[in-house]
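You will see subunit A twice below: alongside subunit B first, and alongside subunit C after that.
Now for the complex of A and B:
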């Protein structure tokens, strides 16, 4: 048992957790034919069968129940405001399964030339709202109310000591739905993690219908013809959104250090802070001179890297790997699409630069609060 | 007895048509004649009533919003948004009220709504329902998601306990770093004439949000007003647009 807990603690370290996720993710949600080929070869689509769902559900529930016997796990999972997270984890899994299950079913139907589950011959095939829809709504309302009532009776809302501005708790955490943003603070300056990236998430979500201009595939679950859009959305939604929240809520303790789910939150856990900026790499490590006094001279290398990433990489990709996509989207849509994707990708990139090279910022101009 | 009652002038004046709706025509009239039910169309494609397809998440989000509105109004009777009373009022809600679970319903309902709204977005994405002609309604939906999070965030401060103020402190400290608008944000130092900075700790966007340099009375009042009046007002406007556009864009999405 102890060794099992230790194993879980070890593999839930962000370095291992995210690396494993990044490696397998696009084989499970293939974004192109190459990944799709491997998905079929490894039979990963089997994840969306009913049997897999039952097995995964069993494992999740069993893990949760067994985990609750551990005092540290109980402390973090049963903290009242974290209870919704347990529900969220399972619901996100279940509905991902449900949508992918139906998507693969529909894809198979289309291949066989059969009508879709959602297809109907208007107008003969319509049902009346009264009673067919109204009674379903009624039952869901009652079930939802009952659920809320039971939840409210059995779990008191959290209330801690009266507010005291002079005594800050450690860790001080935002509400759980913002913990993905707080987790990004590890890798980004607040102006990126707290302001620019959230705005780009909103703008990026709003832009989806205008960027994915493939008209077909509306009104039914499908995957085959929407591989790219579903794969990218899933990556954003499952990994960069939900997984970051889960990491921020469950796996971050005092001083925002990492703690496994079965680990005691030791306030004295020490982690070496040896992060250095890109400019220090260039001038001190590689050139063996001191940092120049001139800000522009000091940061020019980092700025060049950023310029190359955001201005030279997109046209380069348009000419090579993303040629087909560029032709389909046109230059305007493509520019917006690629900038959003590149910004989203800075998060995993900065994670690895941090873990491998202890890189803090690529461009760091604290004089003007500009760190990237 | 019931049939007799259904035939009275009184009953008929409220429910036009009278009687249990049995014929197809009567069932259509029920929906058409009700101000609430006529948010729906009269007839739907078959898959629109299947839980497997809709997950019911949009409807539940709306329902939970109504639950939160009602429980929120009840809470407003007892809660006073001042540093002096806020915390004790919250304690009293649980301790002094018999079977006092109204705050629980409100708080867990709020968490539940965040989750149902997310899952609704997920369902709409997976069925490709954001595609033309429904692009704009997706945009409105994203705004509703954003407003839901803001509503939950502003409500988080109101109990005025350690959990509340430090969560909001962490959240609102990020506003300090807003480019150009926060006093620790990139570019803010450029907005100056000579030595006089325009964006300072006393004039930036965080100051506007919490009404002061530190988390205090003004922040509590601002969050209270935003939570109870300002944001519900805005979210209701966008909800009206959202529901209206569902109908105008052709109802629930169907395969073409």
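Now for the complex of A and C:
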């Protein structure tokens, strides 16, 4: 049992956890034919069968129940703020499974030449609003209200001491739905992670209908014709949003250090995290000269990296790996699409750079509040 | 429709006086284009005035009559009250500063993290300030070295009064990244 807990704590180390996730993810949600080939070969689509759902749910519930015997795990999971996260894990899994299950079901139906699962043959081509369209919603509304009422009565919000600006709780956590953003704030300057990137998330979501001009497979659950769209969206939603929330809730402890789910929250856990900026890498580590006083000269390398990433990489990709996509989207759509994707990818990149190289900022101009 | 019906009933029975309210309907003048626009203008002005007044009130709300803030300038005892090499926590709760004495002198650090403004904790065993919100870490000097904090903690003006007491002035701050820590008032030599 102890060795099992130790194993879980070890793979909860963010470097291992995220590397494993990134490696596995696109085989489960293949974004192109190559991944799809391996998905079929490894029979990973079997994950969306009813049997798999029961097995995975059983494993998750069993893990939770067995884990609760551990006092450290219990302390984290049963904290009133964190209870929604347990629900979130099960719900996100279930609804991901449900949509993928229906998508594969529809793909199979189309292949067999049968009508879609969503097909509804209304008599006289007419549907009544009540009860046909809102009956389920109405029942759900009542059940959800009742559930929230009972929950809020039986598990009261923890009332803490009066707010005091000179005393921050340790760890000081945002509401659970913001923990992904709080995790992002660890790797970016506040105005990037707090203002620019959240805004780009919203702008990006709004842009989806304009960027995704693929007609086939639109309007019903399907996967076959929309591999890239679904794969990329699922990556952002499951990994960059939900997983960061779960990491922020369960794995972040005192002094914002990482702790395994079965690890004791030791306030004095010592982690050497001396961060340095890219300019210091270049001038002090590699060139062995001091930092130049001139800001432009100091940050020119970081700026060049960013320029290369955002201005040279997109046309390069359009000529090579993303040739087909570029042809389909056209240059305007493609530019917006690729810039949004590249910005989203800076998050995992910066996480790795921090964990592995202790790199803080690629461009760091604190004099003018610009850090990236 | 109702109006017409009533008129008819009034004419059918000439001996009876129409009700008082109904007699008024005849005197209403039709709305002309010109009067419509003048009423519309008045309406818009009234609306703008009410909205303006509302937002003025909201704006006023941002400038409270009383500010429950500690005074910005305070006396912090004598230099000998501070031990060399130690971070003094006694003014943290009241004034939001740490007073630190090293071999060179005494300086005052702000307790506001330069990342998003939480209050870091002084960890004696690790000899660093560590912020509980996003894990920024600062050396005793205030220099940031871990986590996302983009710049060092700020220092405040420190001077000696005539009676030999330390005076800390929080209205004047010194930022390392602007080269202000070399200012003679950023550190009190003793």
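Please note the rule applied: the second predicted complex is superposed on the first by the 346 of 372 C-alpha atoms of A that agree within 3 Å, B and C clash if a C-alpha of one lies under 4 Å from a C-alpha of the other, contacts with A are read in each partner's own complex, and residues count from 1 in each chain.
Following the convention adopted for this analysis, contacts are C-beta pairs under 8 Å (C-beta built on N, C-alpha and C of every residue); 3 or more make two chains touch, one makes a residue touch a chain.
These numbers come from a predicted model, not from an experiment.
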Look at A:168 in the shared chain and tell me whether it touches subunit B only, subunit C only, both, or neither; answer first, second, both or neither. both
Counting only touches as set out at the top, which of subunit B and subunit C does A:103 meet: first, second, both, neither? first
Using the touch definition from the top, say if A:226 reaches subunit B (first), subunit C (second), both or neither. first
Once the two complexes are aligned on chain A, which partner has more residues of subunit A within touching range, subunit B or subunit C? B
If we overlay the two complexes on their shared chain A, which of subunit B and subunit C does A:257 touch? Say first, second, both or neither. second
Of the partners subunit B and subunit C, which touch A:189 in the superposed model: first, second, both, neither? both
Who does A:141 touch here: subunit B (first), subunit C (second), both, or neither? first
Examine A:81 and indicate which partner it touches, taking first as subunit B and second as subunit C; both and neither are also allowed. first
Quick check on the superposed pair: does A:274 touch subunit B, subunit C, both, or neither? Answer first, second, both or neither. second
Partner chain in contact with A:324 - subunit B first, subunit C second, else both or neither: neither
I'd like to check the shared interface: which positions of subunit A are touched by both subunit B and subunit C across the two complexes? 164-165, 167-169, 172, 182, 189-190, 194, 367, 369
Using the touch rule from the top, collect the residues of subunit A that touch subunit B in their complex. 81, 84, 87-88, 91-92, 95-96, 98-99, 102-103, 116-120, 122-123, 125-134, 136-137, 140-141, 144-145, 148-149, 151-153, 155-165, 167-169, 172-175, 177-178, 181-182, 189-191, 193-196, 202, 205-206, 208-210, 212, 214-222, 226, 230, 233, 237, 365, 367-370
Can you list the residues on subunit B that touch subunit A in the complex? 21, 24, 27-28, 30-31, 37, 40-49, 51-53, 55-56, 59-60, 63-64, 67, 83, 87, 90-91, 94, 101, 103-105, 107-109, 111-112, 114-115, 119, 121-123, 125-132, 134-135, 138-139, 142-143, 145-146, 149, 152-153, 156, 159-167, 169-171, 173-179, 182, 184-190, 214-216, 252-256
Residues of subunit C touching subunit A in their complex? 92-93, 96, 111, 115-116, 118-121, 123, 125-126, 130-135, 137, 145-148, 150-151, 177-178
As the complex stands, subunit A meets subunit C at residues 164-172, 182, 185-190, 194, 254-257, 268, 270, 273-275, 360-361, 364, 366-367, 369, 371
